[in-house]
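Below are structures written as structure tokens.
Look for chain A in each of the two complexes below; its partner is chain B in the first and chain C in the second.
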Partner chain A sequence: MPIVTIDGTTYEYEGDQKLLQFCLNQGIELPHFCYHPAMSIPANCRQCLVKVGMPKKDRETGEVELDDDGDPVIQFFPQLQASCTIDLQDGMVVETHRTSEEVEDAQTDNLEFLLANHPLDCPICDQAGHCPLQIQAYKYGPEGSRFEFRKVHKPKRVKLGPRVTLDAERCINCTRCTRFTDEISGSGQLSITNRGVKNYPMTAPGEEFDDPYSMNTIDICPVGALTSTDFRFKARIWEMSSTPSITTTNATGANCHYWVRDNQVLRITPRQNMKVNEYWLPDEDRLVYNKFNDNRPDGPHIRRDGTLAGANWQQAFAKAAALLGSADPERILFLGSAHATVEDNYLLTQLADAVGADAPRYIPHIEPGAGDDWLITDDKTPNAEGCERLGIQPIDEQLVGTRLAEGAYDLVYVLEDDPVGSGLCSADDLADTDVVLHYYNTTNETLPRATAALPAAMVVETVGTYVNQDGRAQRVRPAKEIQGVNRTLMMEMGTNREDEHGTPFDRWHNDENRINCKPSWEILPEVAKKLGEDLDYPKGPKQVMDEVQSTLEAFEGATYDAMGLKGTQLEDVEAGAAA
Partner chain B sequence: MEANGTPQSPAGDWRSYERMLLPPIQDLHKLDVYTKHGGYERLRRVLEDDDVAPDDITNEVKASGLTGRGGAGFPTGVKWTFMPEPDDRPRFLGVNGDESEPGTFKDRQVMEYNPHLMFEGILLAGYAMHIDTAYVYTRGEYTDWIALMAEQLENAYEAGYVGEDILGSDFSMDIVLHKGAGAYICGEETSLMESLEGKRGYPRYKPPFPAQKGIFSCPTTINNVETLAHVPLIVQEGGDAYSTIGAEDMPGAALYGMSGHVKQPGVYEYPTGMLLSDLIYDVCGGMARGEDLKAVVPGGSSVPPIRADQIDGLSMNDESLGEVGSRTGTFCPLVLDEETDMVSFTRRVAHFYQDETCGQCTPCREGTGWLENILARIDEGEGRMRDIDLILELCDNMDGGRTICAFADGAVGPIRAAVKRFRDEFEAKCEASVYPVSTDVSAGPDSAVAATE
Partner chain C sequence: MSSFDIQRPIVELPDQNPDPEFSDEELVWTDAEEEKIEAWKEQYPEDQAAIMKVLWLAQEKFGYLPPEVIKFCGETLDMSFSQAYGVATFYHQYYKEEKGTYVLDVCTCFSCQVCGGYDILHYLEEKLGVHAGETTDDGLFTVQEAECLGSCGSAPMMEITNGVYVHNLTPEKIDDLIESLRAGEVPSFTSMTLPQDEEELGGNRRTDVESTETYQTQPRAEHME
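Showing the complex of A and B:
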């Protein structure tokens, strides 16, 4: 196998590879800004310089020349090379800043240039704390600056489009953003304008940067030049914790980080998963963060004398159980949910079975034409595939709608969905029907008709599994705390919150921001218990999922360990079949 | 070298030289005049003679020793051999008429007075390299000559010299005129290709070289306008005969664009290897203001200036100029007399590069502006002694492969040389007491301050 020697260590490699990417893959850090593995290589930042040599070959024989010790004589290129552009060649010898003073100096010189006109307004910059320029300037940069002139002034606070604001002075002209719109999203909406130190990215005159993926440029901008219009100046990076999870806006199951401060989700950014969303996240997946904070319920409610009144959890469980116990099983409709996890849907199926009712069905949420064949799908739910694999079928909306209107059901048990809001039926249709509702937000339009309203934890507060449209099972972890004590959630919080940039734990504590809700996998067994049924999984959703994957072929192998951080691909098998 | 007390010129008996690129013929730019004087005959001979294979043209050009006249001086025939074997991809010739380097104005003469010679050269080059299309990328400000060329090209198409089955042969080639939009960097060959493709004129890193992946990712050769105009002459004279003209290391005719403080500036055609002293005192009639010579910038603003006390015996070929750390560049010497403030001059040069850098690479984008800032400060009498060494350090941090293209090298070469060779002038301006600090007193209306606004 061909070899390269980097700082004295020899590595084998295969195929065509670029030196910088190879080093990064080996865990050898090289400073760089413009290079991004998903895009073309412009080699414009000039930060990744290294010294490169090749074994000297005799001109006539083509043999490698050896020195007195029998080692190959290495001929170094007279000039330093940008490692992002260098193709590995057998026998190549590379010196980075770790072994070459020349390289170290060149990298420092380059950073001095990069910082010359940079505003250095890190104390008020959103990017500070996870800024490639800041980090690498501290690591490799000069101690001070010899630049004694007025810095170049360029436009600040430019609204490039509805979601992205540019501070042109911070831009280091890496062209990552323009390459993103050219090569990745394909909108071609950004290009560099002007020349020299005056240049910065801009839209064509009169045009808006309204690319549905525009906010990805904020993530890949190596400085704070492109900022989120919405998130700008809201929080410092080190005040937030970030939790690896997935988005639930659609059926892609894009991997993301939820950024939380004081139990409020403040922003959502992409998390790399080459099997799902690569490095990217559509804007619509990010702008939903408020639904985790706003209009959240305040504990369970029970209908008494025609009005919903606050109750404690035990009363609410008892009410739900009483309704289930007293209704004719044939006149109960169980609605599972493509918004809820596999575990929660599975438990609902068990409950329906226990009371002798028909198996649950789910309400599909399809918006034909909304998808783009990339990361945005027509399906606006994250777990339709999971439901199908559990054997939960979509309802025939026409049929069920009519039956609801006719009063064919005495009780509707709704798991984390909104039959009224989704247009399945009207609120009036439910006038004579009892409704047990697991719900997320007080804007749920079925809520006014609920007999027992049970606030459910959302994706950012729970543990569970979703299956995306391609059959990839991925688990989620709690990113924020809810009220009450739940050992499973606390353990998951303790072990899974990644705090790459800040403090290990969110140190802001405002109890009002902890929502009085419970995960459905806690609610359903409690309701069952009140009915005298045993739905007990003391180890929580992990145990539920173990059972699901060992009994249903469609989930085989989807243990929590196997899913890890990047999920696991499920086999294509017939839905609901036993393992 | 000494003969009769004067140094012998590598240009030989230049006084009796007969012009070939720009012969003194009235209305030569017109097709009928051009053909009357043997125009397109070389092309006809090549196409009609079955014994002349494409490679033979390349070999003649190689034998002639012709070097590129765009500034880098690369051997033209050798460059042509870099083209890969023809495959199913189109192949392109990029004709570099961007001519934006300060002090350089000789390609313009070819385009204005002898465009058909360039077209004939393009066609011969195209034949040699199996090229189907040539793009003539012309400096946008040359509007008049672009219009003139367009008209003449039209005539050549009509007369069957360009287009399908040229002169009844099975060789076809198109020539397309393309107007630049006023950026110096678009004269850099890879930037020119980007610009031609309709993109922002950002140079590409190499490899891949243009021959491998050029215009629209197809095999491409880029040559300067003047370079190509030499080709019909080489085909006519034969490579070996042509190589005997002028200096041995870069033979042939040359267009000398003389500017600065000489009595008769202009473009003069002579063999390569002219003594600088002959050019200044003989060809151009001496110093314009009667002052002594102070410096010569031999080939466009990107080449290092030479001190007057070094020009004795120096001739316009790289071997000779290399001895004093300079180059022929574009063969366009800029002559400066004793009145010239070298600090202001350097500042003006720095301003040009600051304004023209595309801004792609960090060291060039930031360094050119920084250098101008320091030079302006020194020029205005507010410099510090340490500024001088800082200039030299910044120059070292910008060139020698720190950037994608040679722009930065062209920007810092002259600045570094000016500071090193005229350091006393820079130091004098940094002495706190010598110069007043006010810009309007020290610089004066004619200086770089006014010029740079």
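Showing the complex of A and C:
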């Protein structure tokens, strides 16, 4: 196998590889700005310079020349090389800044140039704290600068589009953003304008940067030049916790981080998963964070004398159980949900079975034409595939809508969905029907018709599994706290700073923003208990999922440990076979 | 003469919604132009590589390149507006706004700068009553500061409207030049010769041009003294 020697250590490698990527893969840090593994390599930041050499060969015999000690003589390139563009070759010898003073000096001087016209406004810059330029200037940069003249001032606060704001002064012209629009999203909306010290990325006059993936340029910007219009100046990076999870805007199940401060979700950023979303996240997945903070319910409500009134949880469980117990099982409609986790839907199936009703079905939320064959899908729910694999079928909306209007059901049990809001039936259709509703937001249009309203924890507050359209089972973790004590949630809560968790100093801690809701995997067993049924899983959703994966072929192998952070691919099964 | 004064360097944001200068009816290629463009496309592996020639053609046709013309050029080659705009703004030889009849690009890059490029620029500015980047009221002259034009040997020098170079500038030479330009006479192309060529080749190493000028020992710039 070919070998390459980096800083005196020999590594084996396979195939065609670039030196910088190989070093990064080996955990050898090399400073760089413009290089991004998903895009072309322009080598224009010149920060990843290294010294590269090959064993010297005799021109006539082709044999490697040896020095007095019997070691091969290394012939180095006369100039330092940008490691991002160098192809590995057998026998190559590389010296990084760790062993070569020349490389160290070159990297330092290069940073001095990059910073020549950089405003150094880190104290007010959103990127500060996770800024490659800031980090690398500290690690590899000069003590000061010799450029003691006025800096070139470029446009600030330029609204490139509805979601991205440019601060051209901070730009180091790495061209990651323009390459993203050219090569990845294909909109070609950004281009470097002007030349020399005056250049910066910009849209053409009169054009807007309204690419549906525009906010990815904010993530890949190695400085604070491109910032989120929405998130600008809202929070410093070190004030927030980030929790690895997935987005639930559509059926892609893109991996993301939820950033939380004061128990409120403030932004959503992509998390690398080469099997799902690679490095990217569409804008529509990011700008939905408000639904986790706003219009959240305040505890359970039950209908008394025709009006919804606040109640405690035990009263609400009892009410739901009473409704289930008194209704004719033939006339109960259980609605599962493609918004809810596999565990919650599975428990609902168990509950429906226990009361002797028909198996639950779910309301599909398909917007034909909304998808783009990439990360945005027609299906606006995260778990339709999970429901199908559980044997929960989509309802025939017309049929069920008509039956609801006819009053064919006495009780509708809705898991985390909105039959009225989704157009399945009108509010009046439910006038004579009792409704038990697990809901997320007070904007839920079925809520005014609910007989027992049970606030459910959202994806950022619960533990569970979602299955994306390609059959990839992925876990979610709680990013923010809800009211009450739940040991499972406590255990799963982010480990951002373990020593802070649960103290008044932790970043989730703001009692005002803790929502009085419960995850459905806690509600459903409680309701079952009041009915005298045993649906108890003392170890919570982990135990539910263990049971699901061991009993249903469609979920085989999807244990919490196997899913980990990147999810696990489920075997394809015949539609309906799971049921 | 003005002092060597560095202004606060500010890059202005261009007008994001400019009123179009040319109507859609004007933005068309003639058959002859179409033919040229097709021929250029053939020369490159990708059509878009012909953008520079197309922009140049448009500048000759329309006089300058306002955004709608740049967009039109991009569309000709199935190129996004922003990419065409990036190319057009990279080169100062593409005029993004209307210029005077004669654009005087005075080089102030390293060699010209030490040989008095700024003295020449400031002399021109004062003589014509405009600052660098501005056009005289009669629309005849635009004075611009240019980066290296590749004629360091004859510093300080300038270029007239993306065309001929005027070498070894002095205030007197500027006076004569402005006078002749006002009379509509553009100086002819002048080849530079080395001093040692003077005798052997009659001072002209090139057979294709009439006039020559010999490299001189550069004067010391006023502002350096």
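The rule we apply is simple: the second predicted complex is superposed on the first by the 558 of 579 C-alpha atoms of A that agree within 3 Å, B and C clash if a C-alpha of one lies under 4 Å from a C-alpha of the other, contacts with A are read in each partner's own complex, and residues count from 1 in each chain.
Definition applied: a contact is a pair of C-beta atoms (placed from the backbone, for glycine too) under 8 Å apart; a residue touches a chain by one contact, two chains touch by 3 or more.
Quantities reported herein were computed from a predicted structural model and do not represent experimental measurements.
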Fit or clash - chain C, chain B, common chain A: clash
More chain A residues in contact - chain B or chain C: B
Chain B versus chain C as contact partner of A:168, first or second or both or neither: second
Chain B versus chain C as contact partner of A:113, first or second or both or neither: first
Which superposed partner A:191 touches (first chain B, second chain C, both, neither): both
Touched partner set for A:155, first chain B, second chain C, both or neither: second
Partner chain(s) touched by A:46 [first = chain B, second = chain C, both, neither]: first
Of the stretches 40-48, 238-246, 274-282 or 382-390 belonging to chain B, the one that collides with chain C: 274-282
Overlap of the chain B and chain C footprints on chain A, listed as residue numbers: 149, 152, 191-192, 194-198
Chain A partner contacts - residues on chain B that touch it in the complex: 183, 200, 202, 205, 354-363, 365-370, 373, 377, 390, 397, 400-404
Contact footprint of chain A on chain C as seen in their complex: 6, 8-18, 67, 70-71, 80-86, 89-92, 147
Touching residues (chain side chain A, partner chain C) in the complex: 149-155, 158, 168, 178, 182, 187-198, 200, 202-207
Chain B-touching residues of chain A, taken from the complex the two chains share: 41-47, 49, 77-82, 85, 106, 109-110, 112-114, 116-117, 146-147, 149, 152, 172-173, 175, 191-192, 194-199
